[in-house]
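Each remark here refers to the structure printed beneath this line.
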Amino acid sequence: MSEDLSSLSAEAPPAARHPGASRLSAGARRPLGWVERVGVLVAYHWVLFKRTFHGALVSRFLLPVLFLASMGLGVGSLVDESSGGVDGVPYLIYVVPGLVMVTAMNVGVGEATWPVMGFIKWNEFYRAMLHTPHRVLDVLLAHWVMIAFNVLISAGAFMVVAALFGGVDSWWSLLALPVAVLVGMAFATPLFVVGAKAANDSIYSAVFRLVITPLMLFSGAFFPIENLPFWMQPVAWATPLWHGVELGRAAFLGGPVPDLWAVHVGVLVAYTLVGAWFSVRAVRDRLVA
Amino acid sequence: MAPDLLLTARNLTKKFGDFTAVDGIDVEVRKGEAFGFLGPNGAGKSSTMRMVGAVSPVTSGELRIFGLDPETHAQQIKARLGNCPQKDLLDEELSVEENLWVYGRFFGLSKAEVRERATELLEFAQLTERRADKVEHLSGGMKRRLVIARSLINNPELLLLDEPTTGLDPQARHILWDRLFRLKRQGVTLIITTHYMDEAEQLCDRLVVMDKGAIAAEGSPKDLIARYSTREVVEVRFDADDHGAFADSLSGIGERMEVLPDRILLYADDGDAATAAIADRGIDTLSTLVRRSTLEDVFLHLTGRTLID
Amino acid sequence: MLGYALWRFVLLRDVLAFKRMWWLFLSGFVEPVFYLFSIGIGLGALVNDVTTDQGMVISYAAFVAPAMLAASAMNGSIADTTYNFFAKLKFSKTYDTMLATPARPWDVAIGEILWSLIRGGVYSAIFFVVALAMGFVRSWWAVLAIPAALLIGAAFAGVGMWATTYMRSWKDFEFVTLVIQPMFLFSATFFPLAVYPESLQWLVKVMPLYHGVELQRGLLLGDMHGGLVVSVLYLVVLCALGLWGASRRISRLLLT
């Protein structure tokens, strides 16, 4: 296209041309209700999701399945041979709910780290959203809705594959899906605080290395935390992943409702809500100061 | 408040901790005018714009946009504003038209409305041929035009432009000014911040000169020049490192003198006469240049500093 | 001679750059250690003893430890020759600046690979100390474990760097994950080859990490056998191939 001054067209239209249309006409405009506000922002994330979905297939879907094959089948065969399984079930059955929750955690964390820093620091698209009739809470709620959706489909897809491997025994397992979403959110909302406050993204390498990987390995996903040294067990109790694994395993085994189910749910909800509260504050400090 | 006042600020103040970015300014902007904030970087222009854009809370003083208080009616204000921030804030992964669509949807416009407006605005921004391209492949000037098109998607009654041409090459600036001029002719109210005096002179009907968070003067570009400068200026350069040493030899020529590190400015209504006076005194200059006074001279007179340093 | 050993300056630049990020550098060793404690010891409590492919009966943790030593070497060198190398190649244009000096592409390749070996070596050494302290080192042959780790690192460094020269954007690094993660999980790291069906065993034997794991397992357990010669040869050939490919591609990318 030519940027020559002489080629500028004369007809330029953007002045008021929509006298009847509610949100384009002069004067006060019909406000958006909060469902509508979050909805239009989610629609944007949906556009991004469709665009980036295929790029995340390996880390989202393939890696959990590889873990399932290696740990569930490979190491599982050693476990079953030597101790006849764990808690009375074959190791594959034991480890699948753990891996569902690990997947939920990883997706929640993945979506709440670099992408968030992108919206706040790199392309700063959150700022663009705040120039339209939206508040920080709307912007974050919409992003959280999308993360919850991401966690749900990743955990769901993993469960389908696990079922094909013979790792799912009961329809009650479906109850693990809402738990997985809670686990994903319990990790995601607190990480928004990091995205709003951190100077650069090198902090995330440390988060993955020093927080996420140890949590995956020591929160009862692969073996009962009773096998840990006694001082490490209270640490596991404090982590959202362990509570999710406990609930998920109960759902998968279709056994009795765990005594402490309300505590488990409460811890996950508390992480999510406290994280949400602090992240709204942190993003507000950063973007609307 | 009079119905044609879109913006009123009384003693508007913005503080970040101990630092006062905007120090009690009074401003009124009427419907249909192009209003400018002229000042160097750090004068408080962007802080003012962010308060007017209802994205930054007012520390003290009173601010009304469309007669509404941004503290309580931010959503209603933003629904009627167009905001063209200093940074592009585009989603570079999306195409040109997708950027317009998603932004339009943020205002709650229907898909049909958004598509119709996007088509018109792409034409206006001369981006129709690039509509399907990813934003990351556009030039800086094209991105700016896209940001302006985007800020018009909700048919705003007031358009905020924060440093619209900073960082663009001269040709891209001229194309952008032409687009803004068209908007102005169509009666869109504009508020522009800039540290370019030529931009302020070309686009603004009325402006305030801002320095260190406060307003130093207010008026039309013509008024301000008439009030704070002479008709013409003679720029005198010497073959020397210290121009201050020549100030005495030039004193008395013209009405007023400003000594800058690399030149001396002589303010006079008749520049040629002043040049002749220099020659009469037998002073050996490297060059003398007669030009018209600009807003740069106004700023220099008011603050003793140049706009761009 | 002009241009003699200018890779020293490439290396020096890396050392200086990482002084500011030392904690990120150092903390890279923890991952294999976590795996050793979690899978090796925690899960190992449910496994009791394992029979290696050479017929040795050992505790599960002692089985996993050498594998994690090999993985440390791999992780350390891969981090620098893929992600960090790509960032410098594409974004910070570090090498364009360097090649404006008498340094040649060969110096860049050597300098970066040496740096990655230092990193892989540090990770392996720390891991080795942990393994030693916990009693997983059973033989004097283990004095060769660190040199072996450097060989493993060099094999991965060259190939990793070579592959990185073909990457177009960060998205292509999914392929790195796609290669490294399966290798980490399936190279007789967590369970012996015998667990696999016969038909899959050859596939495992093709993977470079398998040979690294075999080598370290032999050295730490003192279980020396003829197969280790094949493993060493495999790694040496891979290392040479990687260096050759990487420096060729770097010349092509930077000297055009």
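Chains: A, B and C, in written order; residue numbering restarts at 1 for each.
Basically, a residue touches a chain if its C-beta (ideal position, glycine included) is under 8 Å from a C-beta of that chain, and two chains touch if they have at least 3 such contacts.
Just so it is clear, the model here is predicted, and its values are computed rather than measured.
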{"item": "Touch-based graph of the chains, sorted into line, ring, star, complete or other", "value": "line"}
{"item": "Chain whose Cα centroid lies nearest the overall Cα centroid", "value": "A"}
{"item": "Relative to chain B, chain with the most remote C-alpha centre", "value": "C"}
{"item": "Whole-Å gap between the CA centroids of chain A and chain C", "value": "31"}
{"item": "Whole-Å gap between the CA centroids of chain A and chain B", "value": "43"}
{"item": "Geometric centre distance via CA averages, chain C-chain B, whole Å", "value": "56"}
{"item": "List of chain A residues in touch with chain B within their complex", "value": "1, 3, 5, 8-9, 11-18, 21, 23-32, 36-37, 40-41, 43-44, 47-48, 51-52, 123-125, 127-135, 287-289"}
{"item": "Chain C residues within the chain A interface of the complex", "value": "21, 23-24, 27-28, 30-31, 34-35, 37-39, 42-43, 45-50, 60, 171, 174, 177-178, 181-182, 185-186, 190-191, 195-196"}
{"item": "Chain B residues within the chain A interface of the complex", "value": "16, 53, 55-57, 74-76, 78-81, 83, 85, 87, 89-94, 98, 102-103, 105-109, 113, 117, 120-121, 123-124, 126, 129-130, 141, 151-152, 154-155, 157, 171-172, 174-175, 178-179, 182-183, 186-188"}
{"item": "Chain A to chain C touching residues, read off their complex", "value": "55, 58-59, 62-63, 66-67, 69-71, 74-75, 77-79, 82-83, 86, 91, 202, 205-206, 209-210, 213-214, 217-218, 222-223, 227-228"}
